[in-house]
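What follows is a set of structures to go through.
Two complexes follow with chain A in common, the first pairing it with chain B and the second with chain C.
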Partner chain A sequence: MTFNWRVFQTTFPDFMRATGVTIQYAVIAIVIAVIWGIFIGSINFRRPKGIWRITSAYVCFFRETPLLVQIYFLFYGLSRLMPVSASIIAVAALVLNDGAFIAENVRGGLQSINKGQEEAAYALGFSKFQTMIYFLIPQAVTKVQDSIMNMVSIIIKDTSLLMWITITELTYMAHRVNSKYYQPVTAYLTAAVIYMALFLSVQGIKKLMDRRSQKKYELSES
Partner chain B sequence: MSLASHKMLFFDTLIKSALPVTLQLILGSFVGACLIGLIGGIIRGMKVPVLSQILGVYVQLCRGIPDMLVLLFLYAAMTKGSTYSIAVLGISLIQGAYIMEIIKGGILSVDKGQWEAAKTLSLPFLTTLFRIVIPQVMLVALPALIGQLVLLIKGTSVASTIGCLELTKRAVIAMSGYSNALIVYGYVLVIFFIMCHALTVVGKKLEKYVVERIMGDKYER
Partner chain C sequence: MSDNNNIVLSLKNVTKKFGDLTVLDNMSLDIHEHEIVVLCGPSGGGKSTLLRSINGLEKINSGEIYYRGELVTNKNIKSVRSHIGMVFQSFNLFDNLTVRDNLTIAPIKILKKTKAEAVEKAQSYLDTFGIGDKMDHYPHQLSGGQKQRVAIVRSMMMEPDVMLFDEPTSALDPEMIKEVLDAIRRLAEMGMTMVIVTHEIGFAREVSSRMLFLENAKIRVDASTEDFFTNTEDERLKQFLSVILKH
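Let's look at the complex of A and B:
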């Protein structure tokens, strides 16, 4: 039950490789989830007939069911219907789950924007679509960038569930090192430190973004 | 699948034998998390010197490390205890940190005048804390606590991976008998959705009530 340096040294390259996999999945999932979240969020904000009911039901359902079951559902369910690789399922599950949370945030951001912005854009002759793209979405995203950055750290945490569908990411590596050497403290402490490093760097980026947007705000005020 | 096997899967396997375990898991870890959160939250809200910094680090750790890793570590490191108690321990440790933040925010949001008024009435410290401050904190924190409870319910599915026989694990076992994942996991999703959605609806109602209560006449519909 102590930290074993020998095991740490022999398994460190494996851990680094696994960290690479975790970062890779997290980054891909974040990029797609933000786009997907903005898309669904603006549909839920605009409420076009018909589609709106489907997208809001989707957001409601995916926000209120556990990610692990969703992953199992997609992985074992979809692989019966068509041949898809585990990595695609992994990204799809993360995007569907966390995209729903981002969509709800973005919708809230869009609703909090002053109605005058939209009307001013219409008065200047912009179409509905252009108003969304050029005026409303940028403002909404800057408003909710804090919660989006929180979602980023949650997505990094969520990638740990991908170990159950054969993806060799960080938690899986810790699990494997532990079952090979039986050194729980060494294996899991290493993984925990790496996760903390990722989390703290995301927090750092969040703070930098905060400072930048504050500066922008001050400039526009003066 | 025939109707009889649907019935057997849904009612006998999932509802009758798995749901009670999940409910126990939820109850146990929520009580544990609330205990940790209340004690830690009071310490952090009161800004007790060294302890509140240590708890601050603990909260950061719980926010950064996935529950999966914590549960696997506890499962590997603990030589005693059933999978149920390990799961309760792990989940309440992690969720306790979040509840701690909620309680801390609530205590900091209570007006300073309340403390001063209690002091002029020469109420002892603990009476002030438990009879005056905490009731106000609870009113403010209740909607957030319910939101956290929803996250906790979703978190219990992770306990299946260390072998705790709750909904998800029963579904994994049932997979070998039924083999149709869309149906088996679909049922699990539906059960979780019903539990969480009911709580979310209650939470939204409560939030409205709390806002009305705090804002009083200033609240506009």
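Let's look at the complex of A and C:
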């Protein structure tokens, strides 16, 4: 069992296409999951009567059950209720799962903000809602920025489970190449290296973002 | 002083409890325009709670609070708050915003001022208080005294009718206390109506027109500043003053 360059060369375009699919699902899912997570995290922080019981039960369920079970659950459960495509189920599963983790982070971030921030806003005449939007959520997001960036690499890896509901992403492609050429090392090593490259690019983006926010502070220091 | 038309704030039989502990016991009080009222007394006497109740940061258990003759309710509390400036012991500047945004966000979002108008006004206030060069700084880049002056300007940006100060210098190093007290003196010169909780008794004597001594959830002494320091009959106040003045 060694790396087969010929198979690698023939299947490389397929791998690139599959990588595109992986990136597409990861990007769409992370964008929606962040918004969804902030929304749910804010509800769980404010605890409006009734609603927060539902939202915190949701967070608990999706954090404490395996993603693959959730994907199957949505795939077979939802498609029985209404006609939805596998790709919508795929995005929904990623958003609901990773959004639940982000929601917990955001809630923690909101809780760690000094009560005085809120009081100052109220004292100026801001409403509860305005106070969340202008002051509390931006501060909470800054606090949990790092863990949200970690979620991005987790989501990229999570997309590999989508192969079980017929999404032709990177792991699916590795599977298919292996079953066609019987070259598991070539197939899975290629996939692994591509995942690694995606992870490193995310790290690169994160560094750039850190440097930018640092610059913002330095500029105003003068 | 007894003219009812110039009463800014009025408390009628206000009671506030934290669990079993009564912090404000059936308190009544009128604050008139241009008055500078200092609340003093031992810790736990209800000074800060009184101040915080006025703009609804503490919910009172019973009694009424009036602003310009209008009963303060859950419905009008936001608009009442926009007329009442509040300065906190721990500054509470918005950490995520520059000084510029700290000062202009409320006038823009609540008073619907234009950005240019708000920034111009902010600059002129900052200049007045000697921190005109701090516009683009973040709160964490300022000293305590600078933060508190920015907080005062933030309240002033709303063109308040009355300003409440909750121990504005208690979190400051001694050398920074003066710059904040000078800022408050500035407001006094402008004729601002103020209610101040402070332990700076010398400053209180100099700047205030009226002094209240709060103890055990009650207003024990309510007198003009001069009477408060020279003519008081109250034994407890005499004792309090003798300790605090010596110190």
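Here is the rule we go by: the second predicted complex is superposed on the first by the 213 of 222 C-alpha atoms of A that agree within 3 Å, B and C clash if a C-alpha of one lies under 4 Å from a C-alpha of the other, contacts with A are read in each partner's own complex, and residues count from 1 in each chain.
One rule holds for everything that comes next: contacts are C-beta pairs under 8 Å (C-beta built on N, C-alpha and C of every residue); 3 or more make two chains touch, one makes a residue touch a chain.
None of the values given here were measured: they were computed from a predicted structure.
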Output check: A:181 vs chain B and chain C. Expected answer is one of first, second, both, neither. What do you get? neither
Please work out whether A:160 is in contact with chain B alone, chain C alone, both, or neither, and reply first, second, both or neither. first
After lining up the shared chain so the two structures overlap, which partner does A:39 touch, if you call chain B first and chain C second: first, second, both or neither? neither
Between chain B and chain C, which makes contact with more of the residues in chain A? B
For A:52, using the defined touch cut-off, is the partner it touches chain B, chain C, both, or neither? Pick first, second, both or neither. neither
Which of the residues in chain A come into contact with chain B in the complex? 1, 60-61, 64-70, 72-73, 75-77, 80, 153, 157-161, 163-164, 171, 174-175, 178, 184-185, 187-188, 191-192, 195-196, 198-200
Going by the contact rule at the top, pick out the chain A residues touching chain C in the complex. 114, 116-117, 119-127, 130, 134-135, 138-139, 142, 217, 219-221
Complex interface listing, chain C residues touching chain A: 55-57, 78-79, 81-82, 84-86, 88, 90-98, 105-106, 109-110, 136-138, 141, 151, 154-155, 158
Along chain B, where are the residues that touch chain A in the complex? 60-61, 63-69, 72-73, 76-77, 150, 153-158, 160-161, 168, 171-172, 175, 180-182, 185-186, 188-189, 192-193, 196-197, 200
